[in-house]
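A, B, C and D are the chain letters, set down in written order, and residue numbers restart from 1 in every chain.
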Amino acid sequence: MKSVGFIGLGHMGAPMALNILKADFKLKVFDLNPSAVRTLSDAGATTVSSALEAANDVDVLITMLPSSPHVKQLYLGEDGLFENISGQPLIIDCSTIAPDAAKEVAEAAKRRGLEMLDAPVSGGVAGASAGTLTFIIGGKSEALEKGRPFFECMGKNIFHAGGNGAGQVAKICNNMLLAVLMAGTAEALQLGVNNGLDPKVLSDIMNKSSGNNWCLDVYNPYPGVMDNAPAARDYDGGFLVDLMNKDLGLAAEAMLSSKSSTPLGSLAKSLYALHASKGHGGLDFSSIQKLFQPE
Amino acid sequence: MKSVGFIGLGHMGAPMALNILKADFKLKVFDLNPSAVRTLSDAGATTVSSALEAANDVDVLITMLPSSPHVKQLYLGEDGLFENISGQPLIIDCSTIAPDAAKEVAEAAKRRGLEMLDAPVSGGVAGASAGTLTFIIGGKSEALEKGRPFFECMGKNIFHAGGNGAGQVAKICNNMLLAVLMAGTAEALQLGVNNGLDPKVLSDIMNKSSGNNWCLDVYNPYPGVMDNAPAARDYDGGFLVDLMNKDLGLAAEAMLSSKSSTPLGSLAKSLYALHASKGHGGLDFSSIQKLFQPE
Amino acid sequence: MKSVGFIGLGHMGAPMALNILKADFKLKVFDLNPSAVRTLSDAGATTVSSALEAANDVDVLITMLPSSPHVKQLYLGEDGLFENISGQPLIIDCSTIAPDAAKEVAEAAKRRGLEMLDAPVSGGVAGASAGTLTFIIGGKSEALEKGRPFFECMGKNIFHAGGNGAGQVAKICNNMLLAVLMAGTAEALQLGVNNGLDPKVLSDIMNKSSGNNWCLDVYNPYPGVMDNAPAARDYDGGFLVDLMNKDLGLAAEAMLSSKSSTPLGSLAKSLYALHASKGHGGLDFSSIQKLFQPE
Amino acid sequence: MKSVGFIGLGHMGAPMALNILKADFKLKVFDLNPSAVRTLSDAGATTVSSALEAANDVDVLITMLPSSPHVKQLYLGEDGLFENISGQPLIIDCSTIAPDAAKEVAEAAKRRGLEMLDAPVSGGVAGASAGTLTFIIGGKSEALEKGRPFFECMGKNIFHAGGNGAGQVAKICNNMLLAVLMAGTAEALQLGVNNGLDPKVLSDIMNKSSGNNWCLDVYNPYPGVMDNAPAARDYDGGFLVDLMNKDLGLAAEAMLSSKSSTPLGSLAKSLYALHASKGHGGLDFSSIQKLFQPE
């Protein structure tokens, strides 16, 4: 039986780790938050008192952390894992971080003789719980194949984007485009409503025409159009505005470092930052509709 | 056998009229361009020497003209149809024009005792020829039902958007959103490529993720990704940049008259205007990719 | 003594007409609003009961109306001035309207044998009262020279922008740029404040550096920086957001008809439309600062 | 006689150091580029073979480096100055870098018992040669006063923006606003020209109206309007597009870290990145006019 170490049991990490357990892998977990650890402990995971202990002598190490500095600190910092780890785990970092940070850590792993994948996810807490996440993976094909059984018990779609860092780049591009789709859909719906259309009728027409996109398919931002979307419950839950702003910040960094021009993505960033600054950071990101609704 | 009058035999109008003929309706046609008339004449249509003659004593009158002033001139101008027409045809204007113009003409029709629909289309010349257009219709349900046999021989999808003018509004909203989708997809793909990704791999990932939209499905703007898209033939044909600019102009007018805010749609308009000003107005609208490609 | 007819005694027109009176010209006035007429009557103007009577048999006719349709209706409509006017006045339209409308009316004037100038103003109600308006004039030089004594009693700066319509184009370009300056200054000040700077210190530095512009000179949007600016009195008075939106709408029309690309101007339009839609249309346009201030 | 160490003799640093020499301070210089060193050596400066030697035992140390990593490496890196320096110089870093980097280095200086100022400049190579630079300074007032004699021999305007890092923030805000002014002026001029105006006439009108800004005053981007501007010499020289892009990148980072919304600044960044990607990075930044000129 393969053994797994898992570091980072937040909103996403905890249900992901639970799915590892359900698949009958042996699991060691660590998080600074004791209540997060307890949930996993209750479910049968071994708990340890440091990140290093979670990482030592396992077949696979999975990490799920908030941002680039956390990941760099864990692996490369003073008393970091790469200086002290025992064993030769395949390392899978599921955090969404800057591509440059992902590459830097992967290169350090390589110097240390370890295989590493960047594997950011999409699908949110619901997907993490249901085991239906999408993994967008950067690293070598052989490493991805070694990791496949673990990805498969946590997710449904597994994409290979390219070498180390490519998983992060692909996720960032996707989420920048998503922000453009959502804000663009919201303003198109509002333009229709302001000109007398029924938002449901307009949504149906665009959904079957060339305006079709993921937001119209499954995540309509206009209240009253779609029963199961966050718009139906005052934009509670889902993918938060603050998280979209974090991903748009990573897109901005990728734009800067590659000297790219992203006019629509940058404008979506400005609109989401404006929306957050008015106190809406904790709402679902489809709440950008509120920005366009007249008072 | 029902009789149809058809005015405006351009790139779109001519194949639409041919599909009316094929459905065994009796057809009278008029256009200022004699060669356009000849094609229909050869196919069995009756030709007449004025718009008024084409409109007199038919069951249905269909018009397909370039812009608002043409439509207003035809129906409301000096010697316009509404002053002189004989008979009580159902009037179907398939032109893409300003919603306010569509409403104005429909109100004049009503005062004259005539039923009128605004029925702009999408699907391009290919859809017009194949009889697979999408009609987005504004006007009364009963009028739409009377017109249905005629829509069905020219198109596949028939949407009822609301009262008079609503067909124009819905088409304008859809096409503004389409411009945002296309430009947003192009810049996201370029951001990925500039950061080392393969555009085909990135397209596949986003197509199956939350970045999915009509452009990734059937109209990928990046050369080499999709064999049948205009990008595969140097952006020849398809839906021209100049036509997208016309529709974005109508969206701008609708934005102004309704005091709406359309930041992404307006930015897409600026990008398409910039693209056209550099000599690319005659290319397919997915050529906006070229704007983002480094030289 | 020269005689002047004046039509349109609104917030701007009334004080302008008063300055004509003060300069000892003979003045006939007309407005649909009786209280506006009374103010001028009390000051010594002759009042008449129709626009036509105000226009008949004067040396100069000045009009100051809200928008293009008003101007076209007055001059070109049924029972319009050009069909009925007696005498050969120099016509000066001070309304801010679409350049195409200004040209159309000027051409009709020419066919009627009348000289006409488009002469939109800047300087607001304060400038109208103080007689310090700026006139931006389109039309022939000789006509401008004939009008000069009248411009000089109402304003301080008199610019000749070109032929008929050019006054409108120049005013529109200036005000589009002004919207960009104001919104750009507001977001730069907010960026500084959000990073710990004192807005007054930052304003002083930029005012003496390459960021300098009219807003930093005389109209600082950040509260507490400038004692006499609208920002010091909760953005009361001044040049209203609704009026800026009207001028930005004219800029959008000029952009569309000339196939220009105005990315920053269009974005400023979207921001001002957003700001107005949240109930701020009646505030001074420097209140765009509020859009950027965190709640 | 006070002694100065100067590290970084590039296009800006070399003429700044020459002005230190001219003011009869004792000067030690270091740069990795021998030809840059030779110019200063010929002018009477002492040359040394390492940055540390240049920094040791002087009254004031001035550094002028390309970007944040260079500054951090010099002061904080392995064998960095702060670990090894002898003496207690006032440290003045004139590089334009990220405010967070400036703060980090200043805090390390403080722990080491050294006073430090961030003092980015504006005015370009011409200002550096003429000794007319503007210094925008972050740090303590007393430190600024100690440095004043040195600033005064290199520049004309000396601003105190606030504590450490504030100099960088103020410069970044100014330059972001400058990019908005320049691009906004260029598109307003083009809109006027596309509608038939003479760019010189329009420039004069806006220069005396509310559209006035630094670009219209001294740096008109339209060819033929201003004899001494870069536009008169095919945009040769001046402040390069690549440097504007660097500063707009710093603005983007400051926007991200402070969760600000900078829609116009971000759009200007996208436009300048687009312009650079078409091969214009080496032109003066007023060449953004070319983006708007039809082909």
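The criterion applied here is as follows: a residue touches a chain if its C-beta (ideal position, glycine included) is under 8 Å from a C-beta of that chain, and two chains touch if they have at least 3 such contacts.
Since the structure is predicted, the reported quantities are computational estimates derived from the model, not experimental observations.
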Query - Pair joined by the larger number of C-beta contacts - C-D, B-D - result: C-D
Query raised in the report: Among the chains, which has its CA centre at the largest distance from subunit C's?
Result: A
Report summary line: Per the C-alpha means, the centres of subunit C and subunit D lie apart by a whole-Å value of 39
Report summary line: So, in whole Å, the Cα centroid of subunit B is separated from that of subunit D by 51
Report summary line: The positions of subunit D in contact with two or more other chains are 255, 259-263, 267, 271, 274, 277, 292, 294
Report summary line: The subunit A residues in contact with subunit D across the complex are 245, 249, 252-253, 255-256, 259-263, 266-267, 269-271, 273-274, 276-277
Report summary line: Per the touch rule, the subunit A residues reaching subunit C in their complex are 263, 267, 274, 277-279, 291-295
Report summary line: subunit C partner, complex, touching residues on subunit D are 99, 122, 134, 136, 157, 159-163, 165-166, 169-170, 172-178, 180-181, 183-185, 187-192, 194-198, 201-202, 204-206, 208-214, 217, 219, 251, 254-255, 258-265, 267-268, 271, 292, 294
